[in-house]
Every structure is written in C-alpha cells, then in structure tokens.
Amino acid sequence: MNLSFETFLPLAPVILLSLTAVLVMLAVSIKRNHCVSYWITIAGQLAALVSIFALDGFAVDRVATPVTDLILIDGHAYFYGALVIFASLVCTVFLRNFIESYGNNKEEVYMLLLIAAVGGLVLVSSSHMAGFFIGLELLSVPVYGMVAYTHERSRSLEAGVKYLILSAAASAFLLFGMALVYAQTGTMLFADLADKLAEHGGYLAGFGIAMIVIAMCFKLSLAPFHLWTPDVYQGAPAPVGALLATASKLAIIAILIRFLGHITSDLTAVLQPVLAVIAIVSIAVGNFLALTQTNLKRMLAYSSIAHMGYLLIALIAGNSVDVVSANVYLLTYVVTSLAAFGAISALSHGGNALDAEEVNHYRGLFYRSPALAVALTLVMLSLAGIPLTAGFIGKFYIFMTGVTTSSWILLAALIIGSGLGLYYYLRVMVALYDRTGNSQADNVPAARASVAIVILLVVLVLWLGVYPQPALEFINTLH
Amino acid sequence: MEIAFYIASAIAIYATLRVVTNTNPVHALLSLIVSLLAVAAIFFMLGAPFAGALEIIVYAGAIMVLFVFVVMMLNIGPAVAMQERAWLTPKTWVVPAILAAVLLAEMLYLLRDGTWNQAGHTLVDAKQVGISLFGPYLLVVELASLLLLAALVAAYHLGKRDDQNG
Amino acid sequence: MNFLYLTFLFPAIGFLLLATLRTRLSENLAAVIGVGSIGLSALTTVYVGIDFLNNVEQGGKYVQTLWTWMHVGDFNASFGLHLDGLSLTMLGVITGVGFFIHLFASWYMRGEAGYERFFSYMNLFVASMVLLVLGDNLGLLYLGWEGVGLCSYLLIGFYYSDRANGEAAIKAFTVTRVGDVFMAIGIFIIFQQLGTLDIQQILVLAPQKWSEGDPMVVAASLMLLGGAVGKSAQLPLQTWLADAMAGPTPVSALIHAATMVTAGVYLIARTHTVFELAPDVLLLVGVVGAITLLIAGFSALVQTDIKRVLAYSTMSQIGYMFLALGVGAWDAAIFHLMTHAFFKALLFLSAGAVIIACHHEQNIFKMGGLWKKIPFVYACFLVGGGALAAFPFLTVGFFSKDAILLQAYASGHTNLFWAGLVGAFFTSIYTFRLIFIVFHGEEKTHAHSIHGFSYWLPLGVLLVLSTFVGSFIHQPLEGVLPAFTSATLEESKHFVEILAIATGLIGLAFAFVFFWGERRIAKSISESGLGRLLSPVLRDGCGFDWLYNWLFVKPYLFIAAINRHDAIAKLFDLIPSLAKLGNSAMSVTENGRVRWYATSIALGAVLVLGAVLVLQVTFTH
Amino acid sequence: MIAIPMEQGLAVAGVLFTLGLVGVMVRRNILFLLMCLEVMMNAAALAFIVAGSRWGAPDGQVMFILILTLAAAEASIGLAIVLQFYRRHHSLDIDVASEMRG
C-alpha cells in the first residue's frame, strides 16, 4: 500500500479538525482561557469548511476519490461533510454564550465538539464497516460527555446516563449486525457487499443488516427506538441539543443512504415494508406526543421523531433511495432545527439550573426581543412546512417522491402528520405574541452573537423557501 | 478436541448468567472476568491468539480493574446486595426474559438453517494483524486514538467533584 | 424593461417599511414612504412603457422570469412577469392614477388615527394589483386577486371602531369570496384540462384542446365569469360595492372605482380565447353587464349619499365594460376601463374634497350651493360628471362610451345596444341630479374653502385627463386582443353617435327639469304612491339585499339555529379527541425509566428482526 | 486450533448478547448496567473473531481491537458518570434518574 501526501489530501477537513482539537488541548494545558479556545475552535472549523470548498470547488464532474479502503470522498461526502461542519460551527457559537456563565471548566466542551465533528466527517465519507463504526462512535462518545457536561444540573446528568446506556446498547446491536454480515460475506467493504451477498447465500447477512438498521433507527430516534429522545434533548444543554438534532442526524442519514445503496435489491425488498411501518409509526408517535407538550425542547424532540419519519419516506418509497429528496429535506431540516435550538440557546445560560425551555419562557417574547420572536415564528412555520419557508420545499420533495412512487399510505401519514404538526407549532407561535401571560424569563437578555446567527439562519430558511432553485440545482449535481 | 470449545462456551455462558443475576457487585465482576477469560480461550482455539491475549490483558485486566476500582471507591456494603435482591423479583424478569428468548430463538433459527461453515482453520497471528492495522486500517487506528482522547476528556470533566476547580 | 419588477417591488417595500416601523414614523415620513413608493413605481412604469413601445413590435410582449421557485421532475413552478399592451395599459392606470390618489390621500387623511396603517394597506394594495396584472400565470394572478381582496377588506373596515363599517367590510369580503371560489374552480378546471397555468400557453392550448362550445370550456369560462362578477360587482354579486363606501374616500377612488373592481374586466380580456370558445358564456357576459348597468342606473337615481351615487355609477360603468366584452368589443372595453379610471377617480376625489369642505357630511340633501365656495372642485365635478354622462366631444367618457355603443350596435346585439342607450339616459340624469343638488340651489351648510398642493395637483391632472385630452392616449392593444370586425361599422357610425348625443342631452334636460331649483316635480313624484313604493326599493339597490337576505342569510341562520349543537362539528371533534387519546396513550410510554426504554428497544428489535426473517424466508421460497 | 462450525461460535455469541440485553432490561444498578453493556460488546467481539476465523482474515481481529477501544472509552465515561451520580443521589438506582418524562 502506497500512502503519500496526495492520498490524504482529500482528508484535509478531517485532519484540520483533529489538529484543532489537539490545539485546543494544548492551549488549555498552557493556560485556560475561554476566549482563546473558542476562537481556535471557530478558526479550525472555518478552515475545514474552506478546505471542503477548495477541494470540491463546486465541481460539476466530481470524481469519487477513495482514501484507503475506508473512506470514499465523493459529492455525497462533500455535501454532508460541509453540512456537518456548518452545523458544528453554528453550535460552537451557541455554546460560547451558554458556557460563559458555567462555573466549571469551559474549554473541554470545544474539544468534544471538534472530535464529534471529526466523527461526523468520517461517518459521511466511510465506505467500509470499520469506518462506519469508528465514525459513529467518534460522533457518539464525545456527545455522551457533552450531554452530561453541565453535570451540576441533575437533569443533564440523567440525560447523560440515559444516552450512554441506550446508545451503547444500540452500538452493540450495530456491531453484532456487522459481525453477522461479515460472517456471511467475508467483506466489510460496502462496494463488495452486493456481489458477495449474491455469491454467499443465507439469511445471516440479512439479519445482520437488519440489526445495523435497528441501531441506525435508534440513533435517528425512529419509533419504537425513540423513547430516549425527549429526555436527552431536554436534559442536554441547548447547544448540545442542537448538535444532536442536526450534525448527528445528518451524518447518520448520510451513511444510511450510502449503506442502503449497496445492498441487493432482494434485501431492499425485505427491508422496505419494515421501514415503511417504522416511518408511519414514527410520524404518528412523534406528532401525538408533541401535541400537549409545553416544554419546547421536548416538543422539538418529538417533532424530530416525526421529521425523521417523513425523511424515511424518501429512503424507502420506490425501488431505490431517492437521494435528492433526502438531501433537500435534510438541508432544510438542519437549517431550521439549528435556528430553533439557537433561539433556545440564546436565552439559556449554563450557570442557571434550567434552560429557557418551557413555552412560558417565550410568552410575549415579541415585546421583549422582537427580532428573536419573529425569527422563531418563521422557524415554527418552516417546521410546519408552510409555503415560502424552507420546510415546505423539503416536505414538497418528500411528497413528490411519494406521488411518483405511488406510496399512498406513506403519503397519507405525511399529510395527517403535517396537519397534527400545525397545531403544536402554532401554539408556540401564539405564545410568542401573547401579551397577557406572565413571563418567567423577563430578566434573561438574549445573547447577541447567538441571535445574530439565528437571524442569519432564518434568512437562509426564507431564502431556501422563496428561491430554492440554486440549492436544488446544486444538490442535483451531487449524484 | 472440539469438546474444549464447548466447555469454554459453557463456562462463558454460565459465568455471564452469573453476572446478570448476581446481587453482589464484586462477585459479579469476578464472574465477568471468568467469562472474559473463557471467551479469550475461544479466541485462542479459533486461531486468533493476538485477540485472545488482548482480551485477557486489556479487557479482563484493565477495563475490569477499572470497574473494581470504582466499586471500591463507592465502598458499597452488604446493604446493596440486599437491595439488589429486593429488586430482582420474578416480575421484573418475565418480560425481558421472554423478549430475549424470542430474540435468541430468532437467532438460533437463523443459524440452524443452512450449511455449516468451518471456522478456526487458519491461524491469523499478531504479525498479520499488525500488517493489517498499519496498512489498510491505518486511518482507523488514528481515529481510535481520537476516540480515546474524547473519552479521556469527557471522563476527566465528568468525574470531577463540584468543589474542585481548575 | 429590465426594471419591470421594480413596479411591484417599490410598493412592496413601502408596505414592509410602513408595516414594520408603524407608529415610529411621523405622519410626514409615512406620507413620503407611502406616496413616494407609488411615485417611484409610476416613474418605472413610464420608463418601462416608453422602452416597451419603442422596442417591442406591435402586439409583442416582454416576459421577465423573476425566479424559478422549484423545478421537480415535470413540475415547474416559475414566476414571471408578462408585459404586453393590455398589462401595460392596466399598469399605467394602476400606478399613474394610483399615485395621484395616494398624493390626494396624503392630504385627505391628515390627522386621522392610523395614518401609516392606511398607507401600508394602500401600498400593499398597489403591489397586489401590479402582481395581478403582470403575473404570467393564473396562480400569480390569483395571488394578486386575493391580495387586493384582502386590502379591500382591510380598507373598507378602516374605521373599524364603528360596527357598521366592520359589517360592510365583512359583507364585501364574503360576497367577493363567493366569486373567488368559482374562479378557483375555473382555474382548477383549466389546469386539469390543459396541464398548465401559464396564461400565454393557455391561450395557445385552449383552441387545440377544446372545440367551440365544449362543455369543459363552457364550465371553465362560466367559473371565471363567476370570479369576475364577484370582483367587479356585477349581477348577481353586486351588492357589496355600495356598502364598501364605508372606507375612506381615496380608497373608494382607488380600489372601488379605478382599479380593483375592473379586475374582472381584465380577467376576461386576459383569457379572451377561452371565452371566445364559449360564445354563449361570452354573450352572458354582455347580458350581465347590460342588466347591471340598468339596475345600478335606476338605483343611482334615488341615492342620497354622495358616495353611494358614485358607487352605483361605478357598477353601471363596469356594466358597460362587460357589455363591450360580451359583444367582442375588447379594446373598447379596455378603453372605457381606462377613461373610467380617470373620471371616476376624479369624481371620487372631488367628492372627498366636498365631504371635507362640508365637515364630513355625505348626504347630498344637506349640501347645496357649493359652487361659490369651492369653484375648483365644482369644475372637477362638472368635467368628471360630464365624462360620466358622456357629454359630447369635450369629455373622454364620450369617446369610450360611444365606441362601446357603436360596436354593440354593429355587432348585431341590438338588445344590448338599446339597454346601453337607456343606461346612458339614466346616467345623464343621475349625474346632473347630483351636480345640481350638491352645487346649486340654496346653501345649507357652512362649507369652508380648501387649499393644498397635494389637493389640487391630483385633481388638476385627473381633470385634464377626463377631458377630450384623455382620449389621445393610445392603448397598445393591437395584436393583444382580437380586433372588432363588422361590416356595418362605418355606416352605423353616425346613427349611433347622434342617438348617443341626443340621449345624453335629453337626460341632461330631464335632470334640469326635475332637480334644478325647487325640484317640485321630483318631490311630487317621490311623494306619489308609486314613488313611495319604488324609491326605498331602488335606494337599497333594487332589493337585492332584501332578496339575498331571504334567500341565503335567513335560511342559513335557520339551519344554523337547528344545528345549534353542531352535529357536524361533533364529527370533527372526533379528530382532536382521537389525537388526545393517541397523545395520552403515547405519553404513558415516556415514563423516564431507562429499563423500560431498553425494553422497548428489545421489543422493537424482536419485531423488526422477526419480520425481516419471515420476509426473507418467504421471498426466497 | 480447533475447527468448529462458525454457526456454533455465532450461537455462543448470540447467547451472550441476549444475556447482556436481559441484564440491561432488568438491572437497576448502574454499575450492573455497565457490566451488562460490556457483556454485549464482548459478544459482538466474539462474533467478529468467529467470523474472521471463518475467512482466515485479520479483519475480524482488527474489529475486535476497535471494539476494545470503544469498550474502554464507554467504561471510563460510564464510570465517571457513576461516580458523579453516586455523589449526587447517594444511590446507584437508575430509576432515581427519571425526573424527566411525559
């Protein structure tokens, strides 16, 4: 095997992020300074983002570049990689204000965040079970630490315990599944999977792939593997919730799309009805649970369950994965979710016992912080999928996938779920403009940097909703 | 000589059963170590001596010792064993046991169906594993170091007492 | 022409500024933004118009694709502006007349509460109206259509503290909504049949897809007509317009006289190919126009509110436009649309000035002898009224109405022609009745004189446009709308012209006899038995309100009373209760216990793996 | 070196895996939960070694080493949380941590 500089060039974003993590560690060991660590983190991620664009250059004719057997850098990897770094960059900004008032060590969280971002990057570009596994764990293990980071809050600790135990159990499922696939096929390369599956008959690999899918469903919080989601979202610091809801979900969808693209059509036919049921149950469960929820974080958690259900439609309707629909949907979902969690982050402080998570905190927000309230309104509209917001475009794509593949039952679930969703999103919006209610959070000033980023994201939401064509065309060139 | 494999398997399963059902943390840990050693024996039999050695050194050695340390730090007395016994009522066992039994049945059905494939026919020694690790799997090794770094940082932060600073 | 989009953008920005800054703006600043945005829009229109006329050949068009919203598979949602002679004419009327009305309003509304609210609605209205006429597809047109409806509703109810105004707004909204539903159905039919909403494509595809009189094209055009009569206050959906006068007078001038109410005419002209494929429906358009113009003319005769007189005259003038459309006199209809916008805006603004001068008095019988106090307004009223009554040669209204009557006659629909002539007669009577009562006779109120640049400039400009000068404005409609052809056009020209002039003058004479001075004859008629019977009916718009009240409102309330406990809602209540049931069932699962969570994962795993196993086995066997 | 059918090795791994899973579902003591997770990981590792030995390739053992890394990482974070948890609640009962629900 010949390893040279050129071999590793496509890995520049990964290397840059890893280096940044080490740099932060060195900076901390010399002298603890929140500001320095923060800016190193920001600079590192910006450099990684720039390197992705420099490497990709919005190329029209992308060539898939393998780096050893483990990693395959192609348009898919670039797209999701850029999104992962973008999400973690935004989370960094949210974290700064949040962690500033936290009494304990502040700087470690940035290291954990950077390592999680590395994990995300590896995950989206892996083409081998080993890369898949190590990427997933790199993405999960730091997040255990981040969820429980504010362990002085008992809820944060509780969320950490829950996430650690259940996620580790899911990892065990993933590993066992991989072992079964390997046992039957003798390969862990995605590219060889289909051939070897056809060559070596038996049910072992199918069973193993199902176990892998179960682990993925857990991470994507799809029913019935979703129960952990609200507790973890609620207990985790708001910026970490943002990371969980976006970067983590993104990377896992990316690898799932790639993985499912390599299995035989026989197995796809087996998995499809199962996943269809999961999608429908997720949509129902997520929306039902969100209906009466008064805690914004939990509501977002439930809504993310439903959203992942919608997304699954793109993966299973028809004979092959509708990658374009999934990409469009994820893009819109990530931007919107980041803004939603950003609004919560902007009003939350690590030093307080709780985040600004009850809907009551937001009652009459419009009269205290009009910009944030308007932004949050638009975010809710986008989550509900109202036209001229990003959410509509995403949902429309899913809808088109359903129509073109005649998946009427899935479509019905999508429509009914969206109808239910409107109810609880609107309720939050009403609270924002409610002058009568007493507010519990009059004295919490919104963090300026976070608000600025939220507004930027909302502009993006509107732009994607009003003029999505450039983004859509870009996504169409990816595959 | 296949009998050795079955014996080791039986020991592993029995020891694991003891881990799951035991009420005393230290006893459970010891059972777990026994189970790990039995599994290590299976590794050796299947021609994976390097993995077997690591299983003993790292798993049974390092990780389990970590557990033992924590058990000692917490200084858990006999009250815990009493408590555990009270928790482990048949009622709590029924549903999980049925679920696990069904899962196991599914797995065993899967394994029964089909032809036997021989395992343990080739010795894969440390050298081959090493070449593999630092050849095609080089990236994974590097990334594993990041994983450990993350765990280190997280454990350092989470394990800190509230009254400690810096 | 590249700046075409600015005609929409300026009012839209004006609206956003006014709506977001709200009370933070001073009155002057609000006026500058509100009027300035329309002014810029009008300047852009002038620039674009000159560019268009110089660079695009006759009957040509300019299409500006603003953006492609989405392009998924066969689905292509792109937004574009379409400029041709017809939309340029409309655009000129909207921004030009709109600008002067805004300017006037900045004077008229001064000191009123909600000054900036008023201008924000007005700007939104202009933006929507521009969208309506420039949109290149029916979807965009419908968006503008609903936008102007919304603004109309908001502005009729502008003085919302008075309950009657709110009710008038709701009435306008409800009645036009009936029309809008028809229109939406019409659009659906067209899309279902032709597979496109692009107007130009529809015009091309319609004759290919449908033969003349095809049931589908009849249905589509009928539905579009339903939308048009709702918006343009024609029979049978005309009842809302008179009540809509509850809004501020500039609103009546802009929305309920010059622009929005003519949107129905525009819609029919825009989709003329569809209507030509359904000749019966096209004739119906003319009949609707004829009946409306007669009924509205009768009603106008007995109104006592200065604005209601003008409202009924508006209905009747739009009736003429419909009549023109019905006989195929497309360009005559659009010509009348434009001239009507000039003189009716002039009349409404003058009426506004009169109302201000008389301290917000609107009853004409409490005015009188005003010509000495406000001579300039009197002059405006004379010219505007003359144009309305088609006073020969001097006024613009004569040329446009004469064209309609001539083409109606030449087309062979003589019934429609005679109806138009009778209407012209009544128009002349009620117009001069209004002028005689308001400006002559004894002085009943102490009117004060009025001044101000933003008061006389709009009136002055519209005054000039309402004289014969306005008829020199060329409308570049050749090639956009089918030309009117008739063998008898030339020979009947003098006959019709003489008849029309005579009718107008006889009407004037009648008005003089009845309403000049003591008005004895008029009083004796109204006090006679027939007069007592008829005049209340006529005053309430020929009893349509009464009829609809009995036909729709009362039965509806009756059914509503029977269904007080709302059996249907019970059915729908099932949905929330089902949702609640689902919610409480699911909430039980979120009990916060990790062991249960792990169990659910195991349960899920057992089910998924079992299903996969079974499916695998069945698929391979 | 003992040649056995791979399926039997996998069966042993399966049994260990389900035993671990039962433990996760049943036990309330966090310490035991962590041990049961180790059991599950170990079962997966065994499955990999068995599979690797069927193909006579080192990939199974490489995966085993990765699993070992993960097990160590998870154990260290888990035990840190156990310490923190015990300090806060003076108990290792996982059901104490069910403040969030609904």
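Order of writing sets the labels: A, B, C and D. Residues in every chain begin at 1.
Rule of thumb we're sticking to: a residue touches a chain if its C-beta (ideal position, glycine included) is under 8 Å from a C-beta of that chain, and two chains touch if they have at least 3 such contacts.
This one's a predicted model, so the numbers in the text were calculated from it and none came from an experiment.
Contact count check for A-D and B-D (C-beta pairs in contact): higher for B-D.
Chain A and chain D have Cα centroids separated by 26 Å. Chain D has its Cα centroid 5 Å from the Cα centroid of chain B.
Rounded to whole angstrom units, the spacing between the C-alpha centres of chain A and chain B is 31. Mean C-alpha positions place chain B and chain C at a centre distance of 79 Å. Of all residues in chain C, those touching 2 or more other chains are 587, 590, 592, 594, 598-599, 602-603, 605, 609, 613, listed in ascending order.
Residues of chain D in contact with at least two other chains: 6, 10, 20-21, 24-28, 33-34, 45, 50-52, 54, 57, 59-60, 62, 66, 70, 73-74, 77, 81, 84, 94, 97-102.
The set of chain A residues touching two or more other chains comprises 130, 134, 137, 141, 144-145, 148, 151, 160-162, 165, 169, 203-204, 207, 230-231. Taken as a contact graph, the chains are fully connected, with every chain touching every other chain.
Residues 6, 10, 13, 17, 20-21, 24, 30, 33-34, 37, 40-41, 43-45, 47-48, 50-52, 54-55, 57, 59-60, 62-63, 66-67, 70, 73-74, 77-78, 81, 84-85, 88-89, 94, 97-102 of chain D are the ones that touch chain A when the two sit in their complex.
Those residues of chain A that touch chain B in the shared complex are 1, 3, 11, 18, 21, 25, 32, 67-71, 104-105, 108, 111-112, 115-116, 118, 122, 130-131, 134-135, 137-138, 141-142, 144-146, 148-149, 151-152, 160, 201-204, 207.
Remark: chain A residues 161-162, 165-166, 169-170, 173, 203, 206-207, 210-211, 213-214, 217-218, 223-225, 227-228, 230-231, 266-267, 269-271, 273-274, 278, 284-285, 288-289, 291-292, 393, 396-397, 400, 404, 420, 423, 466-469, 472 touch chain C in the complex. Those residues of chain D that touch chain C in the complex are listed here as 21, 24-28, 33, 94-95, 97-102.
Put simply, chain C touches chain B in their complex at residues 599, 602-603, 605-606, 609-610, 613.
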